[in-house]
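Worksheet: the structure to be examined is printed underneath.
All chains are identified by letter, namely A, B and C, in their written order; residue positions are counted from 1 within each chain.
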Amino acid sequence: MRRSAAHIVHEVDRHAPRMVLGLRPDPSALLSGLKDVRMDTLKKLSYHSILSAGQFDRETLLGIYKLSCLLQLGHLRIRDSLYDKILATAFFEPSTRTRLSFESAMMALGGKTLSVTEAATTGIAKGESILDIGQMFNSYAHAVVVRHTRQEALAELSTYLRIPLINGGNGSDEHPTQAIADWYAILKWRPDLLDEGMPEKKRIHLGIVGTPARMRTIKSFLLLSLLFDRSISRITIISEMADPLGAEMPDYCRQSRIPVDIASDLEVVLPELDVIYMNSIAYLGDGYRTLESRFRINAQSSLRPGSVVLHPLARKEELSVELDTSSHNLYFNQADGAVFIRKALLLTIFDKIPLPVLS
Amino acid sequence: MRRSAAHIVHEVDRHAPRMVLGLRPDPSALLSGLKDVRMDTLKKLSYHSILSAGQFDRETLLGIYKLSCLLQLGHLRIRDSLYDKILATAFFEPSTRTRLSFESAMMALGGKTLSVTEAATTGIAKGESILDIGQMFNSYAHAVVVRHTRQEALAELSTYLRIPLINGGNGSDEHPTQAIADWYAILKWRPDLLDEGMPEKKRIHLGIVGTPARMRTIKSFLLLSLLFDRSISRITIISEMADPLGAEMPDYCRQSRIPVDIASDLEVVLPELDVIYMNSIAYLGDGYRTLESRFRINAQSSLRPGSVVLHPLARKEELSVELDTSSHNLYFNQADGAVFIRKALLLTIFDKIPLPVLS
Amino acid sequence: MRRSAAHIVHEVDRHAPRMVLGLRPDPSALLSGLKDVRMDTLKKLSYHSILSAGQFDRETLLGIYKLSCLLQLGHLRIRDSLYDKILATAFFEPSTRTRLSFESAMMALGGKTLSVTEAATTGIAKGESILDIGQMFNSYAHAVVVRHTRQEALAELSTYLRIPLINGGNGSDEHPTQAIADWYAILKWRPDLLDEGMPEKKRIHLGIVGTPARMRTIKSFLLLSLLFDRSISRITIISEMADPLGAEMPDYCRQSRIPVDIASDLEVVLPELDVIYMNSIAYLGDGYRTLESRFRINAQSSLRPGSVVLHPLARKEELSVELDTSSHNLYFNQADGAVFIRKALLLTIFDKIPLPVLS
């Protein structure tokens, strides 16, 4: 029998707080581990663009995390911080999560938002020079978040742009703010990963399902992972592609000294992984492709005890809902934490980090 | 000759206030009739979802109407009431009126809005689990209004959702806030309908054009109508369908003791009706269907003197513009009043009813 | 090699202020020329609609420019002027620039915005009476900006509308706010054009590429141009159409006493023009058409020294990017100035011009 609204009234909003699913690490532990981080390191990002995970050194990234912890713990008065600022969100490639995340973050800081969701379908995309689109945003907003199907669009857009540009995903190149949110989740789960003198056996073995060279979430994530080379014992890329790392990534990996290998069978390597970064599909410029069933995990998968799963969401069959109630579920916390990362980035870009924090 | 902008300049914005069309009952009369209603009855809806018209008992509904009257009369200072709240509007089925109504209401209360209008066409709907969509909204908003083509989507969405959910229309199931707005219009027109001891001859004969079992606006409206069983002499459903009431509604009708009958010819029953609830089309999951011409009314229809017409709008040919200037037109007031109902619901859900009202 | 985000990080946001392209005249010169303009002339537009360029006499237009200069120079405290107002933007024909311009302007004034971008595709346009759409906006907003593919839609929408209506483009009829922004750019560039006793040789020869009768930006622009008949020596319409001016425009031209001629070859007349108003395409009701290559200009075109180019944007090949760095580029300033024009119009319509300005 189909369940009508009248039937579910008594199930929804039960008096007891609804069960929160998955791991929800307290940011206090991470904040404590970041106590020596100097916040003025974030000054360098003032009125700067956020384009690549590669533009973050370890110190700056930890500064963002310290600010994010303070925001998530509710320690800062930021309700009107950006009251006179407008953030434009221009999505030439459909997105809902990234857009809502930035808009929600901006609103919580007292700022205003201009949305261009029809970008892919209206006159603005029908042959109009993307240089002019950049020029246009100068008049209407103080910063702009952009997602585009073509990698080069970011450089083109920035040619005439005079306001900070945040890369919300450029083709298969990068998605830096997603990666920053991903590592935020990992560090809240294991603040001890901040130690730069961890014994080998406590380091984590990171598994990434996908193709870094062709998937922007993974590429950015891997770039940031290389900053924690003292805490990672190994990175295994699980991919069916012939050359998953592409041309640039192997150089980065060699510089970081983290051993990186490639495996084609997830089930075999799964019991060795501490963090499994799942992915479903990628927009590769020529269409979406779903990963094969041998790259899926569920309650029967041989996940190592204490291991955690990340996923940038949206997900499909590759990550079973059976895992939602498990202690492997860090992906919901990963999603929840992203809005604090975005608040931190916006406060930083607009040079509005509250003074008590900076001193 | 085609009328250009230059030609109409002197017609638009004439100095005399533009004629307001249709009946515009003063909310003061209804407010007076509600003076004994205790506003603390609304506390039970604090941080609760609005899913079904069936979740409203008479007392709670009248509490909403009392608050709405106060809002419509401008008696309350609510400009910044929801300044730190974000309402998301997620329309998986196209809507403009309902979305604008909620967004306008939220803005007037100082709140902010996040719009997802592309929901039906973007990745978010391309196979992404609706459970995850619910989880997503937890991070971005404090409440969410949803409209979906599938009835079950409401229950599914609420599974992981931890914020209040307002049903903006779930398939052919319900559209509770519309029904609440509809009865607000009726009670402002006839506050005496609040009397629970009305003589038979003063009670109203209500006509509903459509198919309650398959049209959510009507189903919700009928559910609320049953709360005024002392004031309704009869309900006539005008429908060409074999089983317009469906499976659930007959039981509800029997419990209320209001006689309900079915007629297939509107013209025959029209002179007996005090309230005619018109409808045009319904989105039934498989497409729009327009009602036949024998279910249309215009200036020549044999409307009873003093009777009123309601219509949830948008309308097509079934309700002629000839009636716009008549005293049968309650449908414009019905539409205008809806934004006050939505303000009242938002203040109630967020537990921000101004204190002088509550005491 | 494709340029990735990581590669461009060091190019974007260079420490030196990014070069601002094209002419950026200081509004102070124009403000000085407008010092005798009485601002109370704007009172007549209070709670009035902006439908046609033809509704502006010279005095009122200069009042708008004086207010715009003050806004652009940052002389006014207007951050919360419209804090309790909602502006709806209803685009039945796609637009991004005009919509963002109005929304950005409204936000900068502290106001809120309701966007209907899906208007052309949703139920609202599927046969719903446009009269009812006008009625709907009364409930949700305090003013509405509308763009529609059909010229008559403006008159139809205003039938039941009781709030100010701003024409954002109605078919091929008018686009008044664009024209107001265009002349703002011209007057900032040449404030001496305000003189009503200019010698012939200092007057400007204005070239308009396009078909006034069928392109709304040009029609409105030409209507406003006729107000500066003491400062324009000649208007040349460059068009391949048989009857570019159409039925109405020749009468207007004759009344203004500005000689108007038609040329079919841009290259021949280009060296004589002081202002060249370029256009690319027009939405003509039956589709977009691009102008032929003989109506294009680039760095090799024989532009008169000191002449300037305008373009409502978006542009295509007709206006080469080679000209962006030249001193002929007034089109970026034209675009930038438009948001101040829209702020001025909104403050005027809502009767919120700051008092020190009015006195």
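Odds and ends about this structure:
The rule is simple: contacts are C-beta pairs under 8 Å (C-beta built on N, C-alpha and C of every residue); 3 or more make two chains touch, one makes a residue touch a chain.
Since we're looking at a predicted model, the values are computed, not measured.
Comparing the residue numbers each copy contributes, subunit B and subunit C share less than half of them at their mutual interface.
When the CA atoms of subunit A are superposed on subunit C, the rotation angle comes to 120 degrees (nearest 5). Centroids of subunit B and subunit C (each the mean of its C-alpha atoms) stand 40 Å apart. Residues of subunit C in contact with two or more other chains: 115, 117-118.
The touching residues of subunit A, counted against subunit C in their complex, run 47-49, 51-52, 54-55, 84, 86, 88, 112, 114-119, 121-124, 127-129, 131-132, 135-136, 138-141, 151-152, 154-155, 158, 160-162, 164-165, 167, 170, 173-174, 176, 223, 248.
Of all residues in subunit A, those touching subunit B in their complex are 2-9, 11-13, 18, 20-21, 79, 94-97, 100-101, 103-104, 107-108, 115, 117-118, 313-316, 321, 324, 332, 335-336, 338-339.
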